[in-house]
Amino acid sequence: MLKIAVLGCGRIGRMHAENIARHPRAELAGVYDVFEPAAAELAEKLGANRFASAEAVFASDAVDAVLIATSTPTHSDFIEQAVAARKPVLCEKPIDLSLARVEACAKAIAGTDVPIMLGFVRRFDAGHRALRDAVRAGRIGTLHQVAITSRDPDLAPESYIAESGGIFRDMTIHDFDMARFVLDEDITEVTAMGSRFVAPEMMAKYDDYDTITVTLKTASGKQAVITNSRRAVYGYDQRVEAFGDAGMALSDNCRLNNMQLSAADYTGQGAALQNFFIDRYDAAFAAEIDAFVDAVENGQRPEVGFEDGRQALLLAEAAVLSVAEGRTVHTSELG
Amino acid sequence: MLKIAVLGCGRIGRMHAENIARHPRAELAGVYDVFEPAAAELAEKLGANRFASAEAVFASDAVDAVLIATSTPTHSDFIEQAVAARKPVLCEKPIDLSLARVEACAKAIAGTDVPIMLGFVRRFDAGHRALRDAVRAGRIGTLHQVAITSRDPDLAPESYIAESGGIFRDMTIHDFDMARFVLDEDITEVTAMGSRFVAPEMMAKYDDYDTITVTLKTASGKQAVITNSRRAVYGYDQRVEAFGDAGMALSDNCRLNNMQLSAADYTGQGAALQNFFIDRYDAAFAAEIDAFVDAVENGQRPEVGFEDGRQALLLAEAAVLSVAEGRTVHTSELG
Amino acid sequence: MLKIAVLGCGRIGRMHAENIARHPRAELAGVYDVFEPAAAELAEKLGANRFASAEAVFASDAVDAVLIATSTPTHSDFIEQAVAARKPVLCEKPIDLSLARVEACAKAIAGTDVPIMLGFVRRFDAGHRALRDAVRAGRIGTLHQVAITSRDPDLAPESYIAESGGIFRDMTIHDFDMARFVLDEDITEVTAMGSRFVAPEMMAKYDDYDTITVTLKTASGKQAVITNSRRAVYGYDQRVEAFGDAGMALSDNCRLNNMQLSAADYTGQGAALQNFFIDRYDAAFAAEIDAFVDAVENGQRPEVGFEDGRQALLLAEAAVLSVAEGRTVHTSELG
Amino acid sequence: MLKIAVLGCGRIGRMHAENIARHPRAELAGVYDVFEPAAAELAEKLGANRFASAEAVFASDAVDAVLIATSTPTHSDFIEQAVAARKPVLCEKPIDLSLARVEACAKAIAGTDVPIMLGFVRRFDAGHRALRDAVRAGRIGTLHQVAITSRDPDLAPESYIAESGGIFRDMTIHDFDMARFVLDEDITEVTAMGSRFVAPEMMAKYDDYDTITVTLKTASGKQAVITNSRRAVYGYDQRVEAFGDAGMALSDNCRLNNMQLSAADYTGQGAALQNFFIDRYDAAFAAEIDAFVDAVENGQRPEVGFEDGRQALLLAEAAVLSVAEGRTVHTSELG
């Protein structure tokens, strides 16, 4: 049994803690949150130990590995501390909002063999993964184009927007990773456009956008397009399409149920989409824990690691620059 | 060019006449209707000859073949006259509402080599035919079960109901033929139930039903179920499913267009179904003419012939008897 | 917290035990199985108490309610004992294979106010329930016809077939309950046909069928048709359709994932269906436990009770008789 | 009856001629082709007059209107001659490959009240039009994003590629018009990327691309993305999606038939897509003729006119420039 401690007891931390508790080859070694009542409540609910500090977690012999679900600015520090304590780590995205901080972290942990996994949960969705597997297996031949549609069901609260680092770093970052997951080749060019439709004033206040389109190109000419919106009234719209010279694959949305109505004016009206990532990616979060446990047990590098986190952030930086300067940005410009 | 005359210039006759006029290897030899103005209007519209009588059609050297789209009670007489005149014939279903009359007609034309084709147009629908072809090609292995759903968009006028011979002879007869088309084996048992929901008083007046379910069984145990309603508010519901030991095939409905809407309460709401047979089976009617021309040109027995018309009517008779006596009827009881 | 003991530690009992352990307002009071190692293994895995006998379960003050997942012949006895011990009971279907035993059980527990719930899990499937709710809410107007397609992914082992009571009592019984759930009106007529395609010799040996079609009718004329097969190679086929004078509702199948492939010969090829009830009805089993906890907490009669179990079995009896005698059976004949 | 002459008797001209002949309020006034045998064959087939020259068409009192389906370089000349002869004109796209020639033509016909309609046939597709109508009717609220996927089933012959003016002018031009049709607002920014995957050598030879992505932006910030490929093995992929603050609309592909197969490895495998524009837009071409007849009969400006042709070409020019210079092009740069 792999004993995993959870740092951060917010909504995502709680979900991870439950998935760990339920996993057949893992157990919850304890929880920690800077806000003690949150940790206490979760510890009691799951019958788990509560740690008094992050340091106590990293120092504990009862902890084999850590899951970091704290606020973004702490991620890099905790990754460094985990590596120093030789505890394998599964860290929620992003590593940091600052590429400089990410690079410093990379330097601090350079050469370590401690497994570090980034929480790009969408890679573990059954549909998206089946698409990627179909691409890898040659079912659509040579890949030419990828289209990713990703729209949140509703605008996040202003407190979140204010700290998020902007849509490219908080939302599109998942799609940058998905594009990399499917393209399986370095992205060399980024062109982005942003508009303000959902909350024009709030977006202007934070120099942010709520509606974006990004196009990507790889060295070999593969193309990808990402469309995002901070609000889709019909629910959490999550689709990936891959087109190649032998076919096309589509990972489509998930509805609340499979019932369809036909009436005098219409046919086949389906239920609303599963609404929000906790529901839509419920099984994916469990599969992510499973992949982490597997990697640690087998002493293998996790499928999605620190460098993936760094690359996704670098693409976000490129997108920010592209919008600011109204031009295509070459990723080589950013190092 | 095969010169085909059309007898009967109602809605179906007009459509057939246009399809003949448009066919690359056929031409419209002329039209006839007992109601002269109908024939005159159609003749003028299509620049075609108008025959003064059915006899004139059968006697004309300018007529290679005939299409019978007159009222049901004339079908058998015209088939007999066409055979006597050695004109290949494509006759709208049913041959007659009376099985006795059909048997008499069969006797009268016994042994003829004049091609006789029955207008079971659904056999020529691209989806239904693809299903049948998939079954024949072994794509679903050995066939076990067939399910046919067939619902009209709206109740026919009382004048039609009064003369129709009842739902099994006017509506289900298409589904009996479809069941035979897909099952490809003699049906030995028929069990039917009828209800009155759409127009209870009208149905009671004519001892008819508007909502029926029929189950069929073949000698080898293959099963089929047919469900009919005289009114589906969402349109002309036309589906066929075939299940076998290696798979399942479904011929699904056709919508007015392929646009789908998602909004705050729903996703994927599609357009209404194509509404009514002239639209739904538009291409099938053209393909039917094509099959007739092919058969006559090649001197081959049409794929769907007199015996198919007789068998479908026999199943309708069995269904009527089954409802009346509340029991399974063996087709052997009816000869 | 409602303390629920589980009797029977086979596959279904284990799943129920896990769902109880995970339920926020329930806890697993302990487990029992006549085969001690099964109970011991499950008790250890879930950190639960192991009872030495069923009697010990019913006598325990630490047990608020019981879930019966033992072999069918014990169901009635345990229901009677649970009622005598005033423990609310959630019992897997069927109550018994013998209608006489069910009637005796009904007499033994007559008048009790102890909540008794039957495990017709499909009522708790999100799609099927949404369909039923749409029907109740009048979304399709007055209900006219119901079609239920239910096919197992593969033949059960001979040991199961030998004891199952036949397809109508072991498999169709779920569909009889689903028909009752959707029709919401007493069924008065049953007509069934059976064929042997999947395993002809095994079916003949046990006087059973593997491929059946059943039609049902209510007093007001509502119609339902059920089609079953003991093996569908494409997976666990579970569909319900309801047709009314204002529309139609379809609860469709669930695939393993939402990825679709298009290639040179085809488009939109989807994944296989979720394969078997533990997967397909995973969320429904959890919702069933939730409904049981709710009913007991609120002192309410469970939504699906003993009488529902009795009625489903009665319809199975009628189907057996219908096939044997080749006629429609009126449920009034069976009392 | 509106007497329409057809100039150009290639594949598209023939189809238009047949649609005119079939139209209830139009008749085929005659045909002309610079290659006389083509005109003679079509004239004979449809029983129509053959004109000896384009001048004869424009001079004829028996011609009310003209349809131009000749080679692209003749379009502008014929439009000018039609206007001079006061014959309403329906001209196949594009007006010309050179924006300068289009501007000259615009000047030449400036101020005319002769109806000029451009053959952007996709506007008349039932699904695409239903989408546009839904957008106009506010069914998806304020429009934010449009996604157009358009892939040919196979590479055109080299002779076509050599003369086509490049993918943006020959293929994407339809999508530029579709974007304008749905956006209903001036497009101000164009960013394009091109790759060579389908026929790298041929594309390099003609400085062309076979795989492109274009993003568009309007003054108000609406975004559109177009993806094209010169070859999709699964058929003619034609989809349009519109996203707004109250919903989403998708105009999906059309399959050859509505039959779906499920087998041991998959479910719901559909037929190939309708393959190529003559099939896919068959009904749209007929609706286009209908719209032209309507406009001429009612003395109204056609819904899609010369300026639409000019704008689409201008967007193609912008895309060419964007690829060449690797930057976003503002349409204001092109005048």
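Annotations for the structure displayed:
Order as written gives the chain letters A, B, C and D; numbering starts at 1 within each chain.
By definition in this document, a contact is a pair of C-beta atoms (placed from the backbone, for glycine too) under 8 Å apart; a residue touches a chain by one contact, two chains touch by 3 or more.
Model, not experiment: these values are computed from the prediction.
Fitting chain A to chain B on C-alpha positions gives a rotation angle of 180 degrees, to the nearest 5.
Of all chains, the one whose Cα centroid sits at the greatest distance from that of chain D is C. Of the two chain pairs examined here, C-D and A-D, the one linked by more C-beta pairs in contact is A-D. The mean-CA centres of chain C and chain D are about 57 angstrom from one another, to the nearest whole unit.
Averaged Cα coordinates give chain A a centre that lies 41 Å from the centre of chain D. Residue numbers of chain D whose C-beta contacts span two or more other chains: 233-234, 246-248, 253, 260, 262-264, 271.
Contact residues on chain C toward chain D in their complex (touch as defined above): 233-235, 253, 255, 260, 262-273. Per the touch definition, chain C reaches chain B in the complex via residues 141-142, 144-145, 147, 149, 151, 189, 191, 193, 195-198, 211-213, 215, 217, 221-223, 225, 227, 229, 231-234, 237, 243, 245-248, 326-328. Against chain B, the residues of chain D that register as touching in their complex are 22, 125-131, 134, 139-140, 246-254, 256-264, 271.
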